[in-house]
Every structure is written in C-alpha cells, then in structure tokens.
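The letters A, B, C and D name the chains in turn, as written, and every chain counts its residues from 1.
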Amino acid sequence: MALLYSLKKQVLEANKQLEKYGLVTLTWGNVSGVDRDEGIMVIKPSGVSYSELKIEHMVVMNLKGEVLEGDLNPSSDTKTHLYLYNNFKNIGGITHTHSSWATSFAQAKLPIMALGTTHADNFRGEIPCTRILTNEEILGNYEKETGKVIVETFNNINENEVPGVLVANHGPFTWGKDAYQSVENSKVLETIAEMAYRTYVLNGNIKGVNNVLIDKHYLRKHGKNSTYGQKDDKF
Amino acid sequence: MALLYSLKKQVLEANKQLEKYGLVTLTWGNVSGVDRDEGIMVIKPSGVSYSELKIEHMVVMNLKGEVLEGDLNPSSDTKTHLYLYNNFKNIGGITHTHSSWATSFAQAKLPIMALGTTHADNFRGEIPCTRILTNEEILGNYEKETGKVIVETFNNINENEVPGVLVANHGPFTWGKDAYQSVENSKVLETIAEMAYRTYVLNGNIKGVNNVLIDKHYLRKHGKNSTYGQKDDKF
Amino acid sequence: MALLYSLKKQVLEANKQLEKYGLVTLTWGNVSGVDRDEGIMVIKPSGVSYSELKIEHMVVMNLKGEVLEGDLNPSSDTKTHLYLYNNFKNIGGITHTHSSWATSFAQAKLPIMALGTTHADNFRGEIPCTRILTNEEILGNYEKETGKVIVETFNNINENEVPGVLVANHGPFTWGKDAYQSVENSKVLETIAEMAYRTYVLNGNIKGVNNVLIDKHYLRKHGKNSTYGQKDDKF
Amino acid sequence: MALLYSLKKQVLEANKQLEKYGLVTLTWGNVSGVDRDEGIMVIKPSGVSYSELKIEHMVVMNLKGEVLEGDLNPSSDTKTHLYLYNNFKNIGGITHTHSSWATSFAQAKLPIMALGTTHADNFRGEIPCTRILTNEEILGNYEKETGKVIVETFNNINENEVPGVLVANHGPFTWGKDAYQSVENSKVLETIAEMAYRTYVLNGNIKGVNNVLIDKHYLRKHGKNSTYGQKDDKF
C-alpha cells in the first residue's frame, strides 16, 4: 500500500516535470512507472492538463492492462507502454512526448547519429527511428502495434544502453530505471536532437563519432567503473 | 444578459491566453466569440494591450457589423471575423495572430502538409494557404475580401475538420466551437508549423503521411467513437 | 526642469524595456531621447547593466555632444545617436541593440524585404542594410561615420516611414517619435527579421510583396485616415 | 582563509550563473577559479544540480590535482581545467558547458569566424575548433589530453585575446581573469555562435570581417586606451 502510494506519487511528479522541462504542449505527453514485484503499472489519465493533475487521478493497472484503481480513462498510449514493459524486462518507467526537436526527426524519419560527447554520455550509439507502420497495423490494434515496432527496432540494439527511440511519423518514447529517469532521458533526447539538427545544417557531410569516443563517455558515466557523479552515501 | 456577460468574459480571457501561449508580439492578435442564438459577436478592441484589457472594453456587435455595445473601435480585422461567422455556420470562436512560425509559412505561401500524428490529432489533412489577393481586392473592401478568400479556399475542405488557414502574405486564422478552442487551435497550428519547418529542413523530399494514419489519429480524438480524454461527467 | 526629469525617466524606462523585450544580452544596447525645444539629449551610460540603471546615471548632453549633467561616460555609440538627431529632424528617440535576428541580417549584409503585412504595418518598404565602412572611416571618427553611413543609406528612403536600419557587420538602429517608440520599433524589427529568415529558408525564391499591399497596411495604421487603434481621448 | 572563502563563494555563484544564463541542461557544465598566489583551484563537484549546490560542496585542490578540502568528487573535467591553468598563466577562471549553439559548431568541427562587431567586442579574431583526439589520446589520460589539444590549438593564437575554444565533438571551454568573467565569456560565445549560424544560413558565401574593424572594436573595449564602460572609482 505504501509502495503503491509512492509509485503513484512518482508518476504524478514525473508527469509534472514534462511541463517544467518544456517537453510538452497542451496535454501531449504521458509518463508511466512500474512495480515489477507487484506487477502493476501506474499511468497518467488521458487528456488531463499537468497543472490539474492530482494523485487520485492516476490510473493503476496490471501488466495485462486491467484497471485496478482509478475512475479516469488511462492515456490513449497505454497499450504501447504495456507492450514495452512486457518486452523490455529491466525498465521501470516510460515517457512519451511530442517534443519539438525529437518529433521533427521522427517526422523526417531519420535516426539521430551520435555526433558528440553529449550524446555519448547518455546513449551508447545512434538513436534509431522505427519503420513506418503498415495500413493493417494502423487499422488493427494500433497502440499495441506501436509497441511492437519499437521492440522490433531494438532487435540488434541494447535497450538498456540506448534508452529511447523515435517512432516514425509520430514522436519519441524514452525509458529508464524509473519514471523520473525516463523523463530525464526524454529531456536529454530533446537536447541532443536540437544540437544534431544544427550540426547537420552547419555541416551536411557530418558523420557520427567513432565507438572509442562513444564508449569512453558512456562508460565514464554508466559503466561499472564509472567516475561521474557521487557515491550515494556522499550526496 | 447573463449569457452576454459570460461571452464577454470568455472572449476577454481567450485574448489574454494569446500572450500566455506566446502567440503574440505587442498587440498583434485578436479573438472573437459568437452567440448564434442571439446573433451577436464579441471582439477585442483595436490596439489595446492584453494586460490592460478589461471586460468593459469588449465590443459587442450583431452579425451585420453594427455595434451594439462598447465605446472603443473593434479590431481592424472585424470584417474578416464577421464574414467567417456568416459563412462557416458551425464555428463559435475565431483567433487571428501573427505568430512566428505560422506567419513564416503564410509569407512563404506554403500550406502545412500533415507530417505526423501531432498534426493528424488536430487537423484532418493539410492546412491550406490562400491565394494572394488581387490589387482590386486590396484596394476595395480589404478585410471582407480576406474573409472571402478564406471561404473560397475551403470550397473542397471541411472547415469543421481543418479548423485553420494561412492567409498568404499575412498570417493564420483559426476557429473552433468557442473562443477558447479557437485559441487552442492557434497554439496547435503554431506548434505544428514549427515542427513542419524543421522536418522540411531535415528532409527536403518529405511527403505527407497517408490518410489511414490521419484518420486513425483524427477520429481517435474527434470522431463519434473517440477514445481520447474523459467523459464530461468524470472530469 | 520638470521636462528634463520626465525625459530622463522615459529614457531610463525605455532602456529597461530592452531587457523585458528580450532584445539585449549583457549590456549590449542603448536608448536615447531628445528634447528638440531645449536642444538636449539624454542617453544611457556605457557598460552599466539594465537592472542597476538609475535615473541619476542618465547622461544629459546638448546636440553638439557636450555633457551638461551626469558623472558617468555616455554610451560608446553616442556620436552615432547625435549624428542621427542632427540629420533626421523629426525623430525623438533612438535605440541600438545587437538583437539576435536583426544582427544576423546585418552580418549577412542583407536588407529585410517586406514579406508580409506584419512588416507593412510598421515599415513602409524594405529595411535597408548600409554599405561596409571603409578602413579610413573605421580608423577615423568611427562612431560619427556610422551615423553618416546611415544617413547616406536614407538618401532615397523616408526615415519617418522606414524607422530603422541594419548597419553592415554591426547591428540594428531604430528610431521613433520618442524613446519608447524607438524601442517598440526595435522589437518589431527583431520579430520581422525572425520571420523573414524562416520565410527565406522555406522558399528560397521569395520576393517582397507589392506596394499596393504595403500601402494598404502601412496607411491603415499610420496615415492621416488611419483606422487602427483608438482615438487618444478614448483610451 | 578569508581569501579561500571568497574564492569558493565566487566559484559557487559563477556555477549558479550557468543556469540563469541558459547555458546548461541538467548538470552539464562546470566553473572553476584559481588563486595564483596560493596555488589553489576551486571547482564544482561532479553531477550535483546547480540549485542544490552549496559552498561546502566546493572542491579545493592544488595545481597538481591533489584535493585539499571537500568530501565530494570534483568535476569529471577537472584534469582539463588543471592543464589549462598550468599552461595559460594569466587566466583566473574556466567555464565548460555543452551550451546548444556552441556545441553545434564543435560537433560540426567548425571554428566561429568573426562576422561582426559583437564578436570583435569580445574575441580578437576567430574562435578556433581543436583537431579531433586520436584513439590513443581518448584511451589514455583523456581529460588531460583534452587540455593538451586546447593548448596546442593556441600555438599561434593569444589566449588572453581569444578567451575560448571549441573542442571538436565535445563543446566549448572559455576563460577569463576570474570565474565570473569565464562565465560571461561563455555567454558571449553562445550568443555569437547563434548569430554566426544564422548568418551562414542567410549567406553561404560569408567571409569574416577585416582586422581593422576587429581591432577597432576589441581595443575600444579592452585595450590600454579603452573608452568603453566606466572607470572603477565611478561605478
């Protein structure tokens, strides 16, 4: 019970961070979080503004998609979140937005190459863009198919090291160990996309940086022997 | 009487939202609202700043353009608003701005293609750009002619499903069921224009998404069987 | 005496508006105002931040450039202001900034064509860019030469109808009937430049709008028979 | 003791300015300051947010890199700061960020040409971009090698007159007489980069301004006979 309250509170606050970080227009974005031990997911209700959002609005579901608690309709992207939790076994939070720079790449159907250390500090390689959904997929179980095409895109990519994707013609999904980290990765992705756009305009022949630099920065911050930041007991 | 007060209050607040949403510079934008049963329109006075705007400044007119109430001159775009209300029978509010991204498309005389789901969630297809007015139209009843060229542009487009337009060399007009919704559509149009610009720069050969995806998203949010948001009695 | 206080107060407030309007970085901008009857100019001191600026810091000079009041050094651009007041006989205020969009055009050495009604509402035609100063002019009385090249640029342009210019390799100067209006025109110029940049990117073959549209909008707002805004006794 | 407190306070406040000036996302930036007489450097701890940063978090080191005071890990870029202090003998403060415009140039591996007076007021010539580090340098003492490639880049450039650099594939470093000035130069560099980008887009054939104009502006503000700003005893 206390754990559920804590998860609902985190998902509430993570949703409100979307506005603070400038990642959303109107109500276009949603964050969820999961408790793997209990097998439950908490997600934003559909179409509610971030400033009005309260803890009692949060929708609680199991990972089959059955509502356990909450009077409001869950986010229209709920089935995409569920599919990702059921297939990416280590992730604890998911964020979806239509943030301006990342969505522009998604609409252009271009991946975001690793063009510098800002990228490599956070994503170990290119951020992929999915293929376009077929008409059958769109007319079928659309939101679940969106999850499937994301998972398909990560066939040869480790989702724990590249915690985000561009869905073609749509926008970005990011994830992390919990709801907060999924929002932070959404902010990082947006910032990287903005700089990648300007780098392309300045230098049309640009190529991605090499793996030696990517690994140096990624592992400096995320590897077992990372030196970035503070040990938890100090700060 | 209470209804008129309520309409004036809505138009006042909707005008103030223009500044909050970052859609206006100085006094360059105006919102109106209509009461179809009473046959009256309320509109912003000309050249008054949004922060100084008070309910008693609102100008009340009938749909022939005769002032019923108010000491101030109405917006210089009043005849365009009137022409639209008299020809688009279902709309209840109109917003005109010179917002930066949408006006750039209007100046470039380019429509905004549907490049992704953000667009399709709100506009069921391309947002058109009018033809240029002839010199005779400019030298004649200019503001009314602006309304006429908008209506002409929607000969083969349903204005209830594409609630906005770019007037060539000028800027955007949007509309909705009431004044608030017309402002919201103005914000949506500006956001879509910004992403469309960047998509074009990233991918010069981009084409619009297909109708299957447009309809899926538009009808998910606006159709009779829409699943987006909450039933009114719940939130 | 009261008149001088009032002028100093206006110039103080107009300088502070530069920051509010987002036209300045650090201390890179200055506003002056003139009292034609008294033959005096008030201008910002050099290098003082806008938040620290107080009325007693204002520098008072005659139009020959002799300091009448004030302990601080006047803006380093003072001689440019003086030259403009001595040659553009109707202007009462001048603003100089390094605002980002207008300065980008000045660095590209491109005028800003009239691309739409936003431009035509405020500037009756293209906003010119000066020629580059010669080495002799730079090594000579540089700030005065800057004023001279501006006046030269307006040989065939009416400075009362086109209240601003881009100085090549430098940035914008704008003017108006008083200090406030010169700042407002600086904001307008920056906004127009931003939209012109985007219009050029969207449509590389764009041409300026015709004079019929320019005159319609300019005279609607500024001519003797203008219909924009309110009569002074009403608002 | 009082001197050390004063240096720690300055470095603390300078780090907080990074956020106020819009130069940082999340915790991506760090400022240090040095006391040449005492031979000590104060630097931001790694991965701590600017709003949480307190004076007791500051890390104090000697110029060999030995920690003298502070429980937290210093910035991961510490060895770059140390190398610069040990080789650029006149500088008293260093700022490193991933600010958006400057980093875009670093990713494009392009220097920033002097395109106007805004640049020349602050940097006496082009802002260089380093060569790319070799794999050996990346796999070796990476952060120190970053310092070395910066110093190498300034073989024929006076670091006191061009107080900043773009590290290829990474981002900007700037410096100054103290921590505050290094942050101010970081803000200037970001602003110049933004305008240079737009100038390039508007005019693909643009060339830098000539040295006569650069020297006029640089020396007007920085030379022995500078006329910009106020004498210290007046303001």
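Quick note on the criterion: a residue touches a chain if its C-beta (ideal position, glycine included) is under 8 Å from a C-beta of that chain, and two chains touch if they have at least 3 such contacts.
Keep in mind that what you see is a predicted model, and the values were worked out from it rather than measured.
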Set of chains whose contacts include both subunit D and subunit C: none
Furthest chain, CA centroid comparison against subunit B: D
Approximate Å spacing (C-alpha centroids) for the pair subunit A, subunit B: 33
Separation of mean Cα positions, subunit D and subunit B [Å, integer]: 47
Where subunit C touches two or more other chains, by residue: 201
Touching pairs among all chains present in the structure: A-B, A-D, B-C, C-D
Touching residues on subunit C, where the partner in the complex is subunit B: 115-118, 121, 184, 187-188, 191, 194-196, 198-199, 201-203, 206, 209-210, 212-213, 216, 220, 227-231, 234-235
Subunit D contact footprint on subunit C (complex, rising order): 25-26, 28, 45-48, 71-73, 76, 98, 100-101, 103-110, 133, 135, 138-139, 142, 169-171, 197, 200-201
